[in-house]
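What follows is chain A paired twice: with chain B in the first complex and chain C in the second.
Now for the complex of A and B:
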């Protein structure tokens, strides 16, 4: 069902694959993307409840994904993950209404709790 | 001056020659000058600090790559860089400490580094043998030989179960074959595109039409000739795929070709090899790889050549019947070759066995077995009708069923997961294991719509009595049930049954021998970053340390279930919590199947396992270090030895080094012995000169040792039965120590705030105690070497026997030979070190003149028991 849809965007395949397998076990429907552009294209076709995006990506980066989603799909919750944990970026993302911000490696259990809270929003 | 731990990012991977030449230069520039004790001690501390940093990184990597974290390749790279930096710092200081005595250590690090860098760059093995006999396959070759070869070889080499004569054709051979036939570019093109049916079909045909490279053809001819020499000219082989998967958890079952009954000669093997290789290029196989998150064309194929068994009967074992019957083993058996059973084409016999300490056959069902597959030599295999008599017969006797079940349990315990095993029994009744792989258990509760239900039951409490809750530190989480084995002393390790929950007072790297076979480990005392802890993580053995009172709370022989989870959540239930165990098995399984995940985790193979355990073995040399953990262990051991040797040298030449004894101060304690001290820093409070009162001892370990020696009643002044000159009375008595007499005969302690190295005179020998006692448990150790005495060799051996019993009861690992005993213990909290040193102090006093009354094994036992009970009175039995 649409309300349980999760999109994962990370230019490293292993991140999307691990998150997908782990979240599918929880009963979520998950789609993974390796870049921001194709993810935004997909958002035009389908509604996702949660978008989990990497920050640093070539082309459309995580902040751009966040801003676009917040502008066009305000109901969708964005969770940011990044290897380059950086306070300035975190503050910038929080200002843009990111739901959560995790430095990598991300504990899957914590990510799941965050998603659960996101799902419970509205 | 101590050298910094980490050389910094700038430290090049090739700087070893530089370090060595610097060390050499310094020695040439200062001929004849040995570093001062303080300098050596500084190096020693820096080695320990570097080792600790390394162990911390290893611990972190073990956790992050364990399946509970989302990580990317950047994490693995940066964590490994930190590790390299820390271990390089250790080696640098170690080199200075040992006067560059072990230059091979740096080469070992370079070798490990090359392997890790290759993994990080996602490159396969680039060199090495094309064909390897199974007996020569070691754990670090798993990548080159592929999962199926690696697993079966491990079953033969490590578990010592019988497997057929076999060889592996490595992934290096795959690369050589593809390059020789100019197929590398086409393989790369496959990687870059979506699966293109035509391109795949073309590649398949090109492999079949390819030529076996001459060097590979030579290897095939050589290996097949060796097998014919051993097993005769009519032997045939099964050629089967072994894709480059490390654990064999997902098997690619049925995805790739297997060629049966291939004649054992180079040409036939070459042809079959190409058939197996070509099956990699099939649309279905590539789609399956994609499903596992693997790009098409990434997978390299290793192949196994396994001699065919002339099977009387064969079949399959599932070590778990289903998710709700984890304690039941199913064995399928049919006449002839196992193909029919594996493919489910015959109604095979079915034997049901209950696990347990003594497996029991609980049900036999004779299948119809209407057909069987037989070996027709050069004509391949054939399916024939089974005679009526054979159809009605059991394929297996009860003894054979139970033997197979026993082997299956051993494999399940060793590989830590339910197994799907293929076996065969030949016409002479010999049983062979042909293959073992992880068993997938379909669970009725894992459909999507049932997920909520599963999650709900997961939080349901278990109604079994709780034996212990939320005590200690979780080293490796997991859920396991088994019988408790309370280890009283290290010698009992050999007796621990497979699958037990080992409960011990201390943790110890010596457990490594049994760790792969254990269900779980629980210790009273221990640290989550110890050597043992990283081995437990590596082998995925649920482990909880520092519980405090597990050895008293848990009863030997009791059945229990341990559930250890995040945030140090620990529960031990009395009995077997089936439901909880089932729920735990379901989680965290799928992520671990991911190809890239496994590749990243695979790096840990070169980092975490500990192969170098026993420093007394000949194999304890730098060349044998295969992992970073081995390097750490080697350096720790040799650093202690170096410090001991140095202190001994200083002791002997003490007058020269310390300028006529100026650095030496006498310990003024009320004991029938004298001790001289050399303080490296912080060992004596208040500075000054002259005798040192007990209260002024700043060295924590020396103070504890002397405390023990001061214990009331431990000294005996009677020299029972000794006649003539009482050589023994010189054991702990300082010789006259004058400025001119030299250091001979002195009891000498080289100390610092956290360290003591004490040479104690005993007869003609020095006995040596070396201990480090700080707030960091894993830095701490006690090393006690005891030799000599003046009475008869028999009495001396009996004394060693008595001391060994007492030391063992205190958790020491003991080696004795004649009248020599070496006892070691490490990784203890400061208070525990002090407690043990106090015991050793008492023991040294207690043993002073024992020889005379130690006239039998019984006396040695009696005195040891008396000592352990706190009874220090020495008397002959009435």
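Now for the complex of A and C:
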């Protein structure tokens, strides 16, 4: 089991860059992607424990990433972040078994606690 | 008068005319029949008078008194047959002529008696000649009178027929004339009103909801015009409602868009600040500077979004001045000239001379043109042709400025959304507010901004602005 690796998907490059800096310091292995398609391609090659994805992206969006991951890699935990805090979308995401849902701006401490809990899940 | 009443009235007039003509014709026919019947009777009488005269001649030749008795008999028959058809004869030739004829017949009878008496008494040769003369004279008078009135009546029949023919001919012309006249009146009336309604509905379809102001007639067309007026009013109200709900929906989209667009750079700044604190100790000087530079870039992003939003809100405060459309286009070209020069894009101008002036905020319209031409240039990349065209659309009294590129066009699924706030197809750097702001500016000028796009022909934006003539304040005073 690939233990501590995390995938971050966000079309805002800074989100991936900052999350990686912060999370690598905690000892996590982090890969970042700017769109859903390339992230899903990478998932075929490598197993990730946690996928953190933005909701609103061009092409494959966060909900599609969530559904694909839950279908193909049920062990992987998905955390969603979004600038578009819409209750309907949050409910839909929760129904699809999202681990956590963070509106932007994201508090890194809270994100890390959520990741910590996800890692301890199994 | 209502149209149905007019139709009824014209039909009533035509029917009355036809009835009148028929009455005339019937009357004439009746007269002809009467005269005809008389001539038949008269012919019989004439024939019997002729026989009497032949008998009279025989008497003079042979002196046979039985011949005179035959004449008496014939007079009796003629008298009784005249009596039998008295009414017919009187109707044809009148009472006087009947009486005269009767008197002449009676006189002839007397002369026959007189002649018989003379023969029996054996008067002298002189006396005999005198009675013979008187008998002949009476016979001739009777026959001549009878033949005269017969001839007269034949003439009269001819005249009646000729008269009827003339009357029928002119009556026919009269009926045709009246029918055509009434048809013309009604059709002309309906046609005029219909033309007005057509013009009016065309006006409505162009979004001009003015009512047909002039007093409309109190007939079916009036009812149609009144119904169209009501429809125009309803349509105007409906349009206002739709505009209002669109405005509300657009505010909704705007707010959601603003939240999303502002949240992204805010989140970036926030994450950079949090990370900066976390990793500060491990960062080199250059890395720290880079952090702050990226924070600055994100704040710049926020600044641009806010500026665009302010532009949109400022679009309502206009400084309208009478201006020439081509003037604004030329100033825009000066602004984008540099962009054209660094790429390989050619500029083709087709600006119409003598365009009517427009009443606009020059900077705002220029902002729209810069926005659209910049989009066009970016859509074409390094090579292509940028067309700028201006012309006058006289039937709506508007000036149209067309900006056309030879790019790959906008996907049809995006076309409905390109004027939505924060909608962009640009990979990076597009705020999605440019066209939204442009649309607001042109709409605020009473104009329209629309787009046509296809993969083959590229994209064309059409800006229409009302000419100065059609803007009331333009002629009264410039602000």
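Keep this in mind: the second predicted complex is superposed on the first by the 121 of 122 C-alpha atoms of A that agree within 3 Å, B and C clash if a C-alpha of one lies under 4 Å from a C-alpha of the other, contacts with A are read in each partner's own complex, and residues count from 1 in each chain.
As a working rule, a residue touches a chain if its C-beta (ideal position, glycine included) is under 8 Å from a C-beta of that chain, and two chains touch if they have at least 3 such contacts.
Since this is a predicted model, take the numbers as computed values, not measurements.
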Touched partner set for A:27, first chain B, second chain C, both or neither: first
Partner chain in contact with A:12 - chain B first, chain C second, else both or neither: both
Touched partner set for A:83, first chain B, second chain C, both or neither: both
First (chain B), second (chain C), both or neither touched by A:94: neither
Overlapping contact positions on chain A, where the chain C interface meets the chain B interface: 12, 14-15, 18-19, 21-22, 25, 83, 104-109
Contact set on chain A toward chain C in their complex: 12, 14-15, 18-19, 21-22, 25, 56, 83-86, 103-109
Residues of chain A that touch chain B when the two form their complex: 10, 12-15, 17-19, 21-22, 24-27, 81, 83, 104-109, 111
Chain B residues touching chain A - in the complex, by the definition given at the top: 64, 68-75, 293, 448, 451-452, 455, 566, 587, 590-591, 593-594, 596-597, 600
Residue ranges of chain C in contact with chain A within the complex: 256, 259-261, 263-264, 266-272, 274-275, 278-279, 282, 294, 298
